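Next come two complexes built around chain A: one with chain B, the other with chain C.
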Partner chain A sequence: MSARKPYRRPMAGWWKKNPYFVEYMVHEGTALFVAAYALILLAGLFALARGEAAWNAFAAFLRSPPSLLLHGVLLLGFLYHTWTWFNIMPRTLPPIIISGERIKPATITRAGLAASALASVALYLIARIAA
Partner chain B sequence: MKAATRTIRIEVLRYRPEQDAEPVVQAFDVPFTDDMSVLQGLQYIKDELDGSLSFRWSCRMAICGSCGMMINGVPKLSCSTFLRDLYPGPLRVEALAHFPIERDLVIVMDDFITKLHKIKPYIIPKEARSLSQGEYLQTPEELDRYEQFSSCINCMLCYAACPQYGLNSSFIGPAAMALVHRYNLDTRDGGSAERNPYVQAEEGVFNCTAVGYCSEVCPKDVDPANAVNVNKTEAAKDYFLRFLRPKGAQA
Partner chain C sequence: MKRSNAPIFWALFGAGGMLSALVGAMLVLITGIAAPLGIGLPGDVLSHANVLDFVHNWAGKLILFAVITLFLWHAAHRIFHTLHDLGIHAGWTARILCYGSALAGTIASCVLLMQIA
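For the complex of A and B:
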């Protein structure tokens, strides 16, 4: 009979054992903030479809202190999600070769962050002009 | 060897299946010199303090991939991790995470070896060639496409870094995917159709959730996370493009 008795260690609480995993879980968790904001936008769209009174009520809700607080919290979640998302992006792309040189991971991350910042500023300006 | 100047406490997670129901921590005080690795610390323990301590090692220069273990919770090659950097300690040494422990710091690696075997990590020639046709020629650009992935030493640190593998060991895992990628990218190779079923299966690349820690711990900068994630795109393309191909056409 074999004297072998391989021992399997439990995985319970695995993400708390390494700061890298904690960051991963926070990153994944902030995806819920993105989903929450998508639901707010969707609610706005429904309000718009229901008519002027519903839309005005929705707009009034957006300007209320609880809504501003919620948006502040969601924005922080978004910023963290954006930061960590573009940090992992170089690991997900095939090599990008420009004039015989591989683009460095840090350059890809910076380009992603810059594009996201530019898009946010552009959206803000469009909203300002439209308002 | 220089005289030992300092002492560090090494806590080893021990597991002796004939006497332990589960692993237990045993601490050893090890005198060391500045040039001593964690592996040499373990060798000191085995030679001077407790000859029953079991661990794998071979080359002592970070190329054989035998001496991987968790050092303070991080997967590392013990031969290239130095005691001086962990002083004053204590430091905690444990068998590679996510693998069953055979004994002390020795893991059961059968699962990885089976996967490695399955993905055919060797060149499968596109067509039969005779010696008279001469050698295969490759350009530096062709070499550059796969060179980084060919540096894998099968040390399994990436598996110990992958929580998805820990939660579900049917996942093909980082190193096996890095090697699939290495051979699929090779212009001499024609074996991707034989390897892709393991890539495109549910327990293939799609078990990966892009944690990315595998690439952080890789001692050879293989970046297995990149191999896995690039193949997610490839697998998706392969799946959807089949609807556009004429019936009976080959990929």
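For the complex of A and C:
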């Protein structure tokens, strides 16, 4: 066993010192919300596979105040994810050049948010018609 | 040179991130708030018969499978990469926990969707 104890600069909480990195951690944290929602859907599927009584219990849970509160929080997390996803998109896309000019970052963000709004309205209308 | 498998995980991350950014908030609003409360949607939309009809339909199955699995792979990839930023070594344990959970969820949703025939 080596007795050497090389100095390591402490890094715990490094991101708390700079608002830019705090935002980075928060937007990375939206992954927890996305995972939680996927697990809720999976739980619903599990209940549905077990039969009508199990499904009714799951539906009753969805109507309970804790679930409504949880989904309210999830909704905020997802809205933040939508905003940050399209806010970062200009930096994650390869440069798009149209008639010799590079598309402005703000244009990409706005187009993404508009697409999200459009897709959401379409989804709601489909759900309403199908239900 | 050995081909990297990273593009597959980045593609799943991107697909899940894009899908959740486009319709994730509305999905949460529909399944978690509007449908349970019967606001903006018929009150019986969550009835057993209705939901079973939805999952019996191949389009319903496909939608549920895409949403559940892509959301899981997106989250797994993002959490895996953020662990490193939190000072947790992103080694094989973290890799197996993150991507293993997404894989387990994928298999589970596939089995459940086929069971509900």
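Simple rule for what comes next: the second predicted complex is superposed on the first by the 121 of 131 C-alpha atoms of A that agree within 3 Å, B and C clash if a C-alpha of one lies under 4 Å from a C-alpha of the other, contacts with A are read in each partner's own complex, and residues count from 1 in each chain.
We take it that a contact is a pair of C-beta atoms (placed from the backbone, for glycine too) under 8 Å apart; a residue touches a chain by one contact, two chains touch by 3 or more.
The model shown is predicted, which means the values in this text are computed figures rather than measured ones.
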First, second, both or neither for A:37, with chain B first and chain C second: second
Which superposed partner A:124 touches (first chain B, second chain C, both, neither): second
First, second, both or neither for A:56, with chain B first and chain C second: second
Which of chain B and chain C A:75 touches, first, second, both or neither: second
Contacts of A:115 with chain B and chain C, given as first, second, both or neither: second
First (chain B), second (chain C), both or neither touched by A:18: first
First, second, both or neither for A:86, with chain B first and chain C second: second
Chain B or chain C, by number of chain A residues touched: C
Footprint overlap on chain A, where chain B in one structure and chain C in the other make contact: 11, 15, 24, 28
Parts of chain C lying in touch with chain A, wherever the complex brings them together: 16-18, 20-33, 35-37, 40-42, 45-48, 50-52, 54-55, 64, 67-69, 71-72, 74-76, 78-79, 81-82, 85, 87, 105, 108-109, 112-113, 115-116
Complex interface listing, chain A residues touching chain B: 3-9, 11, 14-15, 17-18, 20-21, 24, 28, 88, 90-95
Contact footprint of chain C on chain A as seen in their complex: 11-12, 15, 24-25, 28-29, 31-32, 34-35, 37-42, 44-46, 48-49, 52, 55-56, 59, 62-63, 67-68, 70-72, 74-75, 78-79, 81-82, 85-86, 112, 115-116, 119-120, 123-124, 127-128, 130-131
For the chain B and chain A complex, residues of the former touching the latter: 15, 17-18, 22-23, 73-74, 97, 100-102, 108, 145, 163, 166-167, 209-213, 215-216, 223, 225-226, 229-230, 232-233
